[in-house]
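Take a look at these structures.
Here chain A shows up in two complexes: once beside chain B, once beside chain C.
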Partner chain A sequence: MNKKLGIYICHCGGNISDYVDVEKVKKAIENEEGVAMAKTTMFACADSNQKEMVEDIKSNGLDGVIVASCSPKLHQITFRAVTERAGLNKYNYVHANIREQASWAHSDDKAGATEKAIHIVKAAIAKVRYAESLEPIKIKSKKAVAVFGAGVAGMKAAIELANMGSEVFLVEREFFVGGRTAQWDSVCTSNQSGGEIVSELYEKIKNHKNIILYTGAEAESYSGSIGDFHLKIRIKPSFVKSEFKKENIEKAISVCPVEVDDEFEFNLKKRKAIYQNKESEFPKRPVIDNINCTRCGECEKVCENIDFSQKEETVDLHVGSILMATGFDPYLPETGEFGFNAIDNVITLSQFQRLVSASNKELIYNGKKIKNIAYIYCVGSRQSEGENKFCSRYCCTTTIHSSIEAKKKFPGIFNFHFTRGIRTYGKQEALYHESSKMGDIYLQSYENDPPVVDIQNGKTIVKINDILTGTKEMMVEADLVVLVTGMTPRAENSIGSLFKLPKGRDKFFNEIHMKLRPVETVIDGITIAGTCQGPKNIAESVNSALSAATKSFSYVSKGELELEPIVAEVDKDTCTWCGICSEACPFDAIKKVDYNGKAVAVINNSNCKGCGMCLPVCPSDSIELIAFSNKEIESMIKLLAKD
Partner chain B sequence: MNKIDPQFGIKLKKYGAVDFTACYNCGNCTAVCSLSTQDSSFPREMVRYGVMGMQEEISASLKPWECYYCGECSEHCPQTANPGELMQALRRWLTAKYDWTGLSGLLYKSLPLSIFAFLLLAAGVIGYGAYENFNLAKIMHYGHLFEMISIGAVFAIILLPNIFRMWNFTVLKPGSKAGIGIYFKAMGELFIHMFTQKRALGCDDNQFRWFEHFILVLGYLSLLFTTVVLDWFGTSNQIIIAIGYLFSAIVFLVTIDFVSGRIKRKKEISKYSQPSDWFFVIWLFLMGVTAFVVRLFIDLELIVDNSWIYYFHLIILVQWALIIVPFGKWTHFMYRSFAMYFARVKELAKK
Partner chain C sequence: MPVSNKKYAKILVFSTEKISDPAIDMAGLLKLHYPPTVYTIPVPCSSGIKPRWILNAFEEGFSGVFIAADGSDCPYGESCTEKTGHIVAKTHELMKEKNIESARLRMAAICSVCSESFVKQMKSFNEYLINNVNN
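Showing the complex of A and B:
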């Protein structure tokens, strides 16, 4: 109670002192009880002042420090560190915000601002008197990470985590790894094939002792919190023995009577219910698609490697952190949207890419040789009405890249780009330059006047009021219309629901802070990477995967985690478990436990964020928030309400 | 509705257009052009029409002729799409479009054909010389006669119908309704631009180029008058002889600078010379220099022993009069001035 306090009033170079009379503030508080020293300073955060603070704390033997300056968001960490450097427990530091709350808010009333600043500092003095030294909460953290999704982001993150020394469980829902990248035959701007990228990553995963890969696997349930997640994983059987003969499988495929759309080919082709990995997918093995298989038994007759007795397995995983890299779905246009599903030579960008890679010598669609290709941009992206307000980032570049590839592969093709303005940002601009130099034609209109796909004299035409040609109506007879479809969040979001991952307005998984905490989610210990977070190209996905891997590793690297000690605390003697607090908690941190024969609430320190939502709802007033205890807050209120 | 025609862009490249499809429509070219105005803005619009293959719009436009190629647009183009050279290519394409015989287009697009035509005429002259047993006096007489007849014939058979076609494309078809009075009223423009190329003065930093071009035109026209009307090679009038020397000297001295400019390729205008550009400046130079030497040989009484110089001069003259004047770059002398005339007519008709 009888603390020796040191107080610093900051000018903030005029930001505060232009409106708040800092000298007057100093005079008003320097004689408060316990105040051993009070100073004004031009910039409290300046290096020189920080050094001076350390000296002051040591020489005056201070045990409580206040800096009255900007928002605690900006410099609380700075000054806590200063007190720590001077040998004091950092929770004996209290921040008083007299800039955002006084000088900036009341720049029209200098006397009032000064008076408010005095109150704020006095309230801080009241609080610091009760401040206790706190130690961070230490919890055990399992040095293992579960990565969901084995596309390019998930694979890269898994390898990085494994290289750093963490155990990694890579969980892929499909039977094969590679994700969307495996579907692209040529990726810009490196001109590699997606298969090359995937195979390079897969080789590393296969041979890494720290990585265990589960394919055909999904999370069924989870419990626990950061450092200590328990997951149950369900693994689908492939119904093919692990030892198999290639020719047997080929026979089985040829006799299988079930034909379904091949999703890998974006439904341009068919596959059987028993099928094998594509060249760019791994592992190399045949599988039976249980949803479409009719168990007719034809395959068993010709192939001894089929085994319908295989059962679903479950595996329990114990990990310290979870990394989500579950990817995106390409936008699927509605029927009639730019003629999709209504006019037979209208396809999506994804289909076009498969078509180009599957065609040799001549580009043929629906039995017709393709000469004029019209690309309609921003289909399902940048919509002022509807959910997809975002730009999908990758599509301008990908379309231009694919159109160049097509032109080089099939000479004599003409490309017509119906755009809403080209966004080949960064180094990708070179592709746009190359394309237009090659003679590709770019047209542009605004969203409210989109191009129109129509049939005229039996021919598909695309017309546009081209703003680059004085809004004249321009048209082309197109042999193929490619809808440049963007990215959308996964329609199937059971995993997001399982972990209660928050989604943004765009329905992609949401990070905490777009700029400063771009891979963390509000669920401690769960990070996000790649396109499950929002549209990204491969390079950007890999970037975010590496940063998510680093972040996830930071949770598990030491085998132990230090958490902020400002958490809620239940008085077990007065608590009578009504459960209201548990309902109010947004972080699932309150559980019912047995205590001396009665039910009471208990806080899971690793989940609690110290938000304080449980405090006001408690009917018996049994919950306190450490560092914001009733007596601290009440003493502050008393002071503020005094005059 | 306009049908996009990417084949036109490919065709324009044969007329010398370079990389213009790289244009991303920023409009820097139009912004820096000192001749472009709000009412008549170029070159971006013309580049766009070129990319889109809007031949009708281009053939109805006088804008390609309103550009005097200072090259600033190309210097400032962030995509190096060479709008200046595109305008130049459009002028060549228009020249071909106006020409009812279609020969202009063929000669522009094919260098071998041009060389063949030049060789054919050279052979014709030599053949005619042989036919006349290289009787110099007789050949010089018919040479002079050829000059007079060819001027009239080329004008009547080729140039006049082509001007008429130009008028049809640019004034009549686009629906400009001008009474006969307006044509008289605007007539001044035609002669001013024909003899002074006044508009070129509007180009930035172009005063010296304009001056060179101006005296070259005057020199050329005066030389033409002196040789054809005043019979420079046949006269004994000392004054006529003297001015003939002066005019021919102007022609070949100025063209030396033009040729060396195209060799050095320092300015935008001379970076992308097409065969038609080379033929034009070199033949103009040869015309001046051979005429000068022929007269000099006459005065020094060397001509009888060195009659080859006259045959050489005659070959150049015939090629000039039958290829370059009706189908080559010479026509810009007419089209530029008529373009300014028609533009004025259209402007007055609008009011």
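Showing the complex of A and C:
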């Protein structure tokens, strides 16, 4: 309690001192109980001041330090490190925010801002008096990472982790790796095809001693926490022997009577219940789709490589970190949305890409040669009414790229782009330029006046009130209408539910901080990469994959981990176990144990996230959160309430 | 007629470290002004606020208490909105027992970019407290 405190009040150049009288703040607090020294400083974060702080702490024997400056989000970590360098436990440092929440917020009222800053510093003094020296919690960490999803992000992350020396388990739900990238033939802005990118990554994965790939595999259950996750993985059988002859499989496919929509082709084509990987998918092998196979036995009659005796397998994995790269689903328009499923020549961008890829010489859809193509942008993105308020980032560029491809590949194509403003950011702008030079027509409307797709005299007409020509009504007779559909979160999210991964307002997995902690999630040890986090193009997905791989590796690299000791604590003497706290805990961190012959609650520190949800529900007020105890909060309230 | 001569009422805001506090910081960054008698105590999650802290704030002299809740953005899970709602309901009961007007405790979800909404809330809460509570 009788701490010797050192307090620094920062001018922040003039960001604080232009509005807050820092000298007055210093005078108001320098005689508070325990304050051994108080200083104002031009820039608290400057190297020179940090060195001075270290000397001050040592020479004055300080055991509590406060810096009143900017938001703790920016420099709490800096000053905690300073106190550590001075030999003090870093949890004896308290940060007071007098910039964002005083000088800037009340720059219209200097006296009010100064008065508020004084109160904020006094409250920090109250808090630091109770601050305890804490030791980070140390736990063992298994040097292995499970990567979920073997699309471009998951594969790249797996390779990077393996190269750094971690054991990697790459788990893919589908029978083949490649994800969405495998479905894209031509990808901009390089000349490499999606298949070539996937092939290059797969070769590295196949030959890397540190990577084990599971396909047709899903997580069934998990337990443990950062450094020590235990996963059970369920692997579906392919019902085809590992050794097979291509001609046998071809025979089996030809006799299979079951025909279903081919998801790879976005339902433009059919496939059988027994089918092979596409050219851009790996590993190269046939599989039987267990959901649609009727077990009629026709394939077995003509193919000795079929084996229906194969059983589902489970494997147990022990890893220190989990990296999620589970990708996205393309937006599926509602029936009738811009004529989708109601007018027969209306398709999605994904279907159009497959159509362009699969067609030779002529672009034909539904038996009709295509000449005029109308692209309607932002379908399922930037919705004013619907849930998807976000921009899907990739679709403007992809559409323009695909439209250029179509024009080059098939003579006589005319492209009409019905946009809401083109977003070909960065280098991708070159494509927009190329397309404009090639004579593509760009029309634009606002969100409240979208284009209309209609049938007139048996012809498909797209109409728009074009704002680029003073909202003049423009009309195009389209042979094909392409709905530029964006990205949506995976509809099948059982893995997200299993790991209790929080989702943002856009329903994609949520990072802790968009800018400063972009690949970490609130579940310690689980990182996110690629489009499961939100719309990204391939380059951006790979960037985030490398970032997530590095972060995940940092959890496992040393074999040991230090965790923030902000966890709940139970007063065993007053606790009379009612179990309400355990029910309130979303992380399964509270268990019942025996203590001196009575049942009490106990916190599992590795599972506790320090959210505090257990605090207010306790009928006997027996739970406190470290650094947020009753005495700390209530002493701050007392000081803030004073006039 | 206002029941107080003061321009500003004292308001204690329980903000959350990861969600609403960044919005309050950003309000400052954007120089969106609100009464300087608004003070924040950041906690990890709004569903970890104890009713006794809120009652303590009234006893110590705060005119109003505002919970800048995580809402559906809570990084600790979906149950936050409901749990924070329970805390408010429970505190309202306790306030009733102590003859403290329930309107002196307000809650709204303040997401990490809801700076304008926060400022609007503070201004209207301040106006209410100035006009209705003896500060």
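The criterion applied here is as follows: the second predicted complex is superposed on the first by the 487 of 643 C-alpha atoms of A that agree within 3 Å, B and C clash if a C-alpha of one lies under 4 Å from a C-alpha of the other, contacts with A are read in each partner's own complex, and residues count from 1 in each chain.
Rule of thumb we're sticking to: a residue touches a chain if its C-beta (ideal position, glycine included) is under 8 Å from a C-beta of that chain, and two chains touch if they have at least 3 such contacts.
These figures come from a predicted structure and were not determined experimentally.
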Chain B versus chain C as contact partner of A:M636, first or second or both or neither: second
Touching partner for A:I77 - first (chain B), second (chain C), both, neither: neither
Which of chain B and chain C A:I455 touches, first, second, both or neither: neither
First (chain B), second (chain C), both or neither touched by A:A358: neither
First (chain B), second (chain C), both or neither touched by A:A342: neither
Which superposed partner A:L615 touches (first chain B, second chain C, both, neither): second
Most chain A residues touched (candidates chain B, chain C): C
Touched partner set for A:I120, first chain B, second chain C, both or neither: second
Partner chain(s) touched by A:A584 [first = chain B, second = chain C, both, neither]: second
Common ground on chain A, meaning residues reached by chain C in one complex and by chain B in the other: none
Touching residues (chain side chain B, partner chain A) in the complex: 1-4, 6, 9-10, 19, 21-25, 45, 48-49, 51-52, 54, 79
For the chain C and chain A complex, residues of the former touching the latter: 8, 10, 12, 18, 21-22, 24-29, 31-37, 39-41, 43-45, 47-53, 56-57, 60-62, 72-80, 83, 87, 90, 111
Residue ranges of chain A in contact with chain B within the complex: 414, 416, 422, 432-433, 436-444, 463, 466, 468-470, 472-477
Chain C contact footprint on chain A (complex, rising order): 71, 73, 97, 99-109, 112-113, 115-116, 119-120, 123, 500, 502, 504-505, 510, 512-513, 521-522, 566, 584, 586, 609-617, 621, 625, 628, 630, 633-634, 636-638, 640-643
